[in-house]
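See the structures that follow.
In what follows, subunit A forms one complex with subunit B and a second complex with subunit C.
== the complex of A and B ==
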């Protein structure tokens, strides 16, 4: 009886935006007479930080401080279409909509500023809430003054609208799955190494450490990116060793009906986490960003399964890897079936063994 | 100061951590009624009789809603994408899962609503059930869906999602070793702190204000308007701040029925699911059954992959056809495999319909293909990092659906993890990059996998063919 340590690795990819696209996001922005900026976007914030990220993109693009931006996603009367917060699309797809709206706002601000400063809008830029002549930072006018002049001097409302839509990628041939165009906005990549301990007496698997590297394109807010990666890691840990909505699947009996009867990860399950952010900018995401919200729970289960094999010599391919499954596997010491060049694992759970109506050849 | 790239404080962080953020259930209005649902106690049954008259006559009960009150009973979240609808908003003549909503009672308080639910007279005739996707195709399997036991409406009215690429038979003939395995990740709960909840307020101008926990305001607006057969501006969906979703709140689970109750009672109605309802009657992540057979060379190249996926959709389709399609597009993971034969089925069972969840369609396949990758390395006695680095997507490699990858980073992330874990690799591997394949990284079997370099190889592939014959690069 002993506790064994093992390591495993997994590498994954994940698309940004709805599969096959066709998922619009729109936004509009107005500027108050003191230069403060109101953003209207239909993107729900499910804890992913959509309000923060879109506000940052607007502040950066117009050239005003972050705390000048208010963000309203509260209702469908004032906010235009956003397909929703799913498919890792909020930062990229909805982010591009607010980016385009903010570009229009900046353009209009510079036009009004040009009238006020007797300069061509092309020669002006906005830096930290001030419009200045490029290369001559002493000639400047605050965005607040420009917005006031627009309202009270020129009788104009400074607004911007933006919309992002990548057209639907059609399946040209359902026999082969060939598509008409890239069926996503971008693809993100990640790898994860897991270190585990397996107790061969109790069958318990303890995840000690998860080391993860994500190519996020551009971290618009590194703190929120780390939050996604670390939160996702714990969700992936739950998938790997704890959670099951149907503990006797495929049976529907004995389901957990509350937090007290369902094993989701708790503080005691928390492993050591190491997070590496790589920035290979995407070709057309806002500031090069890609979406990583969803993939953040995809790499850990395979890395943990490989680490369990490294530690205990058994492959568990049904999730979660419960103590019961580990002990059964240790007891069975199953070897793969070998026929010619075939090495066949898991015969006992295959459709070939369990079902009769579907043919499947190894 | 730069805003992009800065560790700025979360926009709504203070409200969240001090408990001041207003979520749907925090909103209370005068005259508000509480709603409770009658749900199926059976996994599969015919409804042979239903009588709501005693419930309707109860003091304090202001509205009872059944299928008969819904202008358009069946509307799918993906109807707009051509995926036909199969799920009634409220069960009509049959129930296909335990917990399926049949009626909603709105009353002055929750206890009266619950008593109203109990006063509904209903008779069932139980039917045989199916829970194991592996047995759905058997001759003696009970039929559990009006379309049969698996989804039959993929493009061309095909009953499965297929990927075909290259020449799979040649790949298996050429292989030194063939490795097969079966992968079965479990269903899990979304387990949000905020259960499904909505409140609908009839306004004096005839509009409805819908307080919703949806992850997708406009998706839910469209779905509600379709069921209710009203123009979009009859409804104002209020939300945008969600107490945990993880995919489960892409379903518009409660809003439409609550709206019907509010319209019938002409009073505000709130329907807040209990924790038990959230766990037992709301959707879960799907359980998946995946079988992979890979043709490999003794030095770790993957020549071809055959894969069978059975996606446990539960009682209705919801987003499952979409999820399976996404799954099929990503069944080679972060690697380039030239010969593919993928068959995937959306299988119906008598469990709660499964739905979107973080990583939808791909979480499953990432687990299966990456565990398989580790097994291949183990069977061949090779380093698991090296097998991954060899087969990793490179710039301009071709995907399963014949588009090219403009900026894959598999090599970057794997090398980064090797470094972080002090995993020693030969220089040949340490010096790898994501650049377009050449030299040792362009063996004969991948020669035809280099695309045009403008992220659009499909037309090229259709014109020039996509078999194993190299046309150079």
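== the complex of A and C ==
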């Protein structure tokens, strides 16, 4: 009886947004007379950082400090439509909608600034809250002054709207599945390598280390995306070895009855984590971003199952990989062959051969 | 009956068997403690009772006459965050934030009791606190940092060890 170590790897690719079905997001932005920016977008922030990311996109695109931006998604009447936070789409689709709205705002801002500064809007740029003549940074006017002039001098509101939609695609040929428009261009790629320890006496699997490499397109907020990848890792660990809605099979009456019978990972299950963020930009996401929300917990179960095979020589094809499943698999594998008077363990499948490379015979 | 909530004496009119969590949220309008499971299993409702961490969902308010209850609101203000709160900000130790009040309260109790920056000790002390978003690593790192440091730069986020960013592609 021993504890075996093993390693496994799994890779995944994942599309962003709802392909071929249409999932609109819209946004509108207005600039207050003091230059501060209000963003109205319907994206719910469920911990994915939608508010932060979209505010960053707006600040960057207009050219004002991040803390000038107020993001309001509190009211479904005042915010335009956003299909929602799902399908890893909040940054990729809704982020693109606010980006377009912010571009319109910058355009309008430069027009008014052009009137104020007697310059062509094309010759102006916005840098850190100030409008300046390109190449001549001493000639400048603060965004606050431009917004004030728009309000009180020109009788205008600096505002912009933006919308993003992948239109509904017709199926052209049901045989081949060819559709009338191509899918979103943002496919994210990732891989996870797992190191585990399998106790062949108890069947217990302990995940020691997860190394993850995620192609996020562009890490608009590295700290947030790190958190998403690390959180996904632990959720994937839970799916792999712990979480089960029906822990007390065989019949449905024995399903879990509450929080205490659902084993989600705790702090003590935390393995060593290594995160590699790869920026391989998408063609049409905001600043090249892709979405990785949902894929973040998909590669780990497969990598962990492969690591269990590497460690103990058994493939577990059901999740979660409970001690019971491991022990049953080991038992089935260790079933001896009878050759006349001889009782033999099969070389290839015997757990006793793992690592040692020799078969055990009585 | 009375409790001292975050230093202020408050009169309670809820029946004595009402969970403290419900009293805080519904009667006293103090909402940092979260109702995660209301069965003692997640830690999101953790508050300090006379300095010790306690699950407010399982604590009958009638057992607390005269006790001092501290919630997240009692640890610091947004202008004057406690060391643990600053560490959580600096290490970006939250995603949705639902578990965060319980984590911060429990971490405060752990450190007040002399807890060290030893990661395994932190994992054991906060083992009963569930977080579904962060993967715990940044939370553990934040608490370890708060064990040895009381001021954090809130304008930047801590560099995580074991994170590599690679820019490439087309």
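Rule of thumb we're sticking to: the second predicted complex is superposed on the first by the 321 of 362 C-alpha atoms of A that agree within 3 Å, B and C clash if a C-alpha of one lies under 4 Å from a C-alpha of the other, contacts with A are read in each partner's own complex, and residues count from 1 in each chain.
Operating definition for what follows: contacts are C-beta pairs under 8 Å (C-beta built on N, C-alpha and C of every residue); 3 or more make two chains touch, one makes a residue touch a chain.
For clarity, every value in this text was computed on a predicted model and none was experimentally measured.
Colleague: Have a look at where A:270 lands relative to subunit B and subunit C in the superposition and call it first, second, both or neither.
Modeller: The answer is second: A:270 touches subunit C but not subunit B.
Colleague: For A:230, select first, second, both or neither according to whether it touches subunit B, subunit C, the two together, or no partner.
Modeller: Touch partner of A:230: subunit C, not subunit B.
Colleague: Which chain makes contact with more of the residues of subunit A, subunit B or else subunit C?
Modeller: B
Colleague: Quick check on the superposed pair: does A:214 touch subunit B, subunit C, both, or neither? Answer first, second, both or neither.
Modeller: first
Colleague: Common interface residues of subunit A with subunit B and subunit C?
Modeller: Touching subunit B in the first complex and subunit C in the second, residues 46-47, 49, 219, 222-224, 232, 235, 258-259, 264, 274, 276, 278, 280 of subunit A appear in both lists.
Colleague: Which stretch or stretches of subunit A touch subunit C in the complex?
Modeller: Per the touch definition, subunit A meets subunit C at residues 46-49, 219, 222-224, 226-228, 230-235, 258-260, 264-268, 270, 272-281, 288.
Colleague: Which residues of subunit C touch subunit A in the complex?
Modeller: 36-37, 39, 41-42, 92, 94-98, 122-124, 126-140, 157, 160, 162-170
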